[in-house]
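Pasting the structures in now, so scroll down.
Shared chain: chain A. Partners: chain B in the first complex, chain C in the second.
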Partner chain A sequence: MSALLSISDLHLGFKGLSGINNVLHGISLNIAQGERVALVGESGSGKSVTARIVLGLLQETRSARISGAVKFDGNDISAMNPKARAALRGTDMSMIFQDPTSSLNPAFTIGRQFTEVLRRRDPSMGADACQERATKMLGEVSILDPNRVLNAYAFQLSGGMNQRVMIAMALANRPKLLLADEPGTALDVSVQAQTLTLMRNLVADHGTAVLFISHNLGVVREFADRVYVIYRGNIVEDGPTQALFSDPRHAYTRALMSAVPRITGAGLPEVPEVSEDFFAPQISHGGVA
Partner chain B sequence: MIRAIRILAANPLSLVGVILVALVVFAAIFAPWIAPFPTHNGAVVDFAFANKPPSARNWMGTDLVGRDLFSRILYAYQISLVLGVVVLAIAAPVGTIFGLLAGYLGGWAEAILMRIVDVFLSIPPLVLAIAMMGVLEPTLTNAMLAVTVMWWPWYARLVYAIARSEREEGYVLAAEVIGAGTAHIAFREILPNCLPAIITKMTLDMGFVIIIASSLSFLGLGVQPPTPDLGSMVAEGARYLPDSWWLTVFPGLAILIAVFGFNLMGDGLREVLGVDE
Partner chain C sequence: MSPVLRLLLRRLGISLIVLIGVSMLIFTIARVIPGDPARIALGPNATPEQVANLRAEMHLDEPLVLQYGHFLADVSRGDLGTSLYTNRPVTLDIAQFLPATLELVLIAGIIMVALGLPLGILAARYRGRWPDHLIRIFSLLTVSAPSFVWAVILMLLFAFYLPIFPIAGRISDIYDIDRHTGFLLIDTLLAGNIAAFGDAIRHLILPAVALALSGIGQAARLTRANMVETYDKPYIEMAQAYGFFPSRIARIYAFKPSLIPSLTIIGLDFAAMLGNAFLVEAVFAWPGLSRYGVAVILRKDLNAIMGTVLIIALTFLIVNVIVDLLIAFLNPRIRHSTRAT
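== the complex of A and B ==
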């Protein structure tokens, strides 16, 4: 089975006044069709920039220095012209963000924004067809009163509702790859769990591959088939979720796991900010399709 | 709509504003039918009734050549409103485009566009308008041009400030990741979120434009006689104060009513549309 997304030896630096500031130091990552892959790491480790490179957004930033190959569906994204990259976004790839409420434009109803998303794929789509498709998609994310939601503005809905709307919109055009950048981090834990379960079932039904970016190990363990752990621009460990969680071998992965506060108390664990062994070479548990 | 009416009703001052504006607009539109002496908007002379105080025949008195002041004020409202609408209809979109592009694109576009705006803002507005009118022929069109040139940079600044903060909002990023182009994001995503502020400012500015235009014609640089204009009517009568007080007081009151009305209405609108100061 060929990889849907294959990143190999990706380097990224930003050119600043004091020279180039390196952010990614040669990361490699693969996602097969329909596979759910998580990229886990602390803030500033390079998770979100990776997603922005996959979307082809950073390639258009003048100060960014990118090398390495990012192949989506067999085509090198970095080699495409900006128009071809833009054509992929919202059709074959889509993305959802941390805060669903701010991701929706406050000036338009959900229905109108849904229509715009659908017309990305098929500009000739009529108003009735859009309405019908939007209603169906909202039904799939268990929204019981789609008509009320379509006529509402984002600020009139709860965060959980907006999250479902975002998931429905992101999947409406049947993308091959969904990038989820810490989805629902802005929501409370129980709502987050509900929507993630929903999302998991939906992408499984649609056969959509997911790159799930998170710092929440609990969520990742439930959601992903395979995990990459990233630390300061290097992948330190990767493998199938089960293997990695039951036998974390890299010092940083272990530290990350011990950093999760226990619900049973015992205080906040102490984690060193930097340690010599965090820079040890990548450990792979295999399992790449 | 219902919410709008409720807010207006709860705020009697803005209701007063709406009523005043409605009166002024009504007077301007129906001037030819309301005015007791519709012909007096031009070069008419009637020395038998020259410089008469208010009476049953001439509610606001007559001017130095015997024209009915009430009729002339109604016609002067036409000029003021047309001038205000035309100035804002040009200044607001031009400034909005400048501000949107500078605010959303950032970088070089921002530097160039906003420095152009700064150049215009660095010259005191009335001085700029007076200088322009000094060079150009004093006609209504040129008065509009002069006021427009001094007015658009304020819209650029306003929209720029809003676009700058909206650019960081999640929905802009969300639009980028579904492949929306620059123009789409600037005009279809960000602009609708700037509109309440723009509309509020336009309403408030109607009053100010009327004042500035009146100031220009008060100085003799605006609309020329015999066309009735509130500013030049005040200027003309000022020489005969305090004896012929009606020559200045009524046109002055007319300016006051229009400006006051638009300001109160603008304040009310700001609340209805939820625009921050």
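== the complex of A and C ==
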């Protein structure tokens, strides 16, 4: 099986007033066709910027210094011009964000936004065809009254409803890769779990590969085939979800796992902010496509 | 009842109250300031009997409240009284002078919106880069001087040193156009006289630009500020993540949510042009309501003062109601709310 996305030795720095501030120190990551891969780490570890480099958004930031290869579907994204990168977004790649309600434009109806998204793939698509396709997609995310939703604005719908709309939009153009940046973190836990199950089933049906970015190990365990653990811009451990969860070997991975709150037990353990052990070399459990 | 209809009725009700308040205020002020209108109207050679007769005819010897009652009764019949200055009904005078002012203000308003908003969009789209810097300098410059200063500067530059545009007036004397509406741009077209239409436009450009200039700067600054804030919102990143062109994101996804807060201020600017127009009209010898207004105030021509102020207040209120409706139309939160706003 060939890799859909392959990142090798990716470095990222931001030019600031006092020289370059390095954020990613040569990370490597692979995702096979249809594979669900999680990138786990704490805030500021470099998860979100990785997704934005894959999308080609960060390349347009003037202060960003990026090196290394990002290959998507056989083409090197870092070698493309901005137009070619933009052509991939919304068609072969799409993204789901943290807060669904504020990620939908408040000035346009859901239907209008859906139409615009569909026309990214096929600009000649007529209004009726768009409506029909949007209705079908909303049906796939178990929205029972698609017409009401299409005529509504995001502020008229619940967070969970908006999250379903986001998932439907993201998958509407049959992307090969879906980037999910802490999806539903802004929602309450039960709604988040519901929508994640929905998303998991849908991407499995469509054969869409997912790069799932999260700090929530419980969610990752449910969702991902394989996990990369990122710490301070370095991948410290990777492997199939089952192997990694049953035998976490890197000190940081173990610290991260012991930081998951449990209903029973004596509350959160003391986890060191920074430990020498966290800088140990990468541990791989294999299983890379 | 739909929220928009309710909003409209509310605004109209408030406007009526404001209008009555304005009329009371001006009615009192005009009568309290020193000088006897009857004496001024009749001139120094009139006998005391003549003056007393005129005072009685104008109800000036009655209590203020009764005078106001007479005034209200007349206004409700559409009668604003006779001007002592022109000796014609005030309604006729206003019908003659108001269209010139409205034409000037409307064109200036269109220029303000048509240039100010795109400049603001452009500045926000290229924020921090040279188009942004240029536009910000231009905006700062235009809002830094009042419109009559720009009127003088533009007149000197483009009518005197470089005689591209006519120096004053609404239309050249060689054209004799039938006045149907009083709006020359419409009347010339009704007459089918294209040359006269072009001439009227050439006369309009300098005063309208002078009047619009500070509004352009204001609208551009406001639009830029609101859009820069909008650019930080997650839905803009989402639009970028879906690969929409940056120009499309600026024009549609970032502009529309940003327009709503700008619109109120732009509406107020537009209405404020009515006041600024007085000075611009004076510079360009524009035969609008301003010269009439100044002349009647100096002569203490009570009926004409009341009429002029009421008409301007009314126009101001109408513009505000239109802006409120426009906002309600653009802002789905108002359009779909069940509460009154």
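One rule holds in what follows: the second predicted complex is superposed on the first by the 288 of 289 C-alpha atoms of A that agree within 3 Å, B and C clash if a C-alpha of one lies under 4 Å from a C-alpha of the other, contacts with A are read in each partner's own complex, and residues count from 1 in each chain.
Just so we're on the same page, a residue touches a chain if its C-beta (ideal position, glycine included) is under 8 Å from a C-beta of that chain, and two chains touch if they have at least 3 such contacts.
Every value quoted in this text rests on a predicted model; they were computed, and no experiment measured them.
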item: Chain C versus chain B on the shared chain A, clash or fit after superposition; value: clash
item: First, second, both or neither for A:Val210, with chain B first and chain C second; value: neither
item: Touched partner set for A:Val165, first chain B, second chain C, both or neither; value: neither
item: Partner chain(s) touched by A:Val70 [first = chain B, second = chain C, both, neither]; value: neither
item: Chain B versus chain C as contact partner of A:Tyr153, first or second or both or neither; value: second
item: Which of chain B and chain C A:Ala87 touches, first, second, both or neither; value: both
item: Selected from 7-15, 61-69 or 187-195: the stretch of chain C that, after superposition, runs into chain B; value: 7-15
item: Contacts on chain A seen with chain B and repeated with chain C across the two complexes; value: 55, 57, 86-91, 94-95, 97-99, 102-108, 117, 120, 179
item: Residues of chain A defined as touching chain B within the complex; value: 55, 57, 86-91, 94-95, 97-99, 101-108, 117, 120, 179
item: Sites on chain B touched by chain A in the complex; value: 169-171, 173-181, 189, 192-193, 195
item: Chain A - residues contacting chain C, complex; value: 55, 57, 86-91, 94-95, 97-99, 102-109, 116-117, 120, 153, 155-156, 179
item: Chain C - residues contacting chain A, complex; value: 233-235, 237-245, 253, 256-257, 260, 330-333, 336
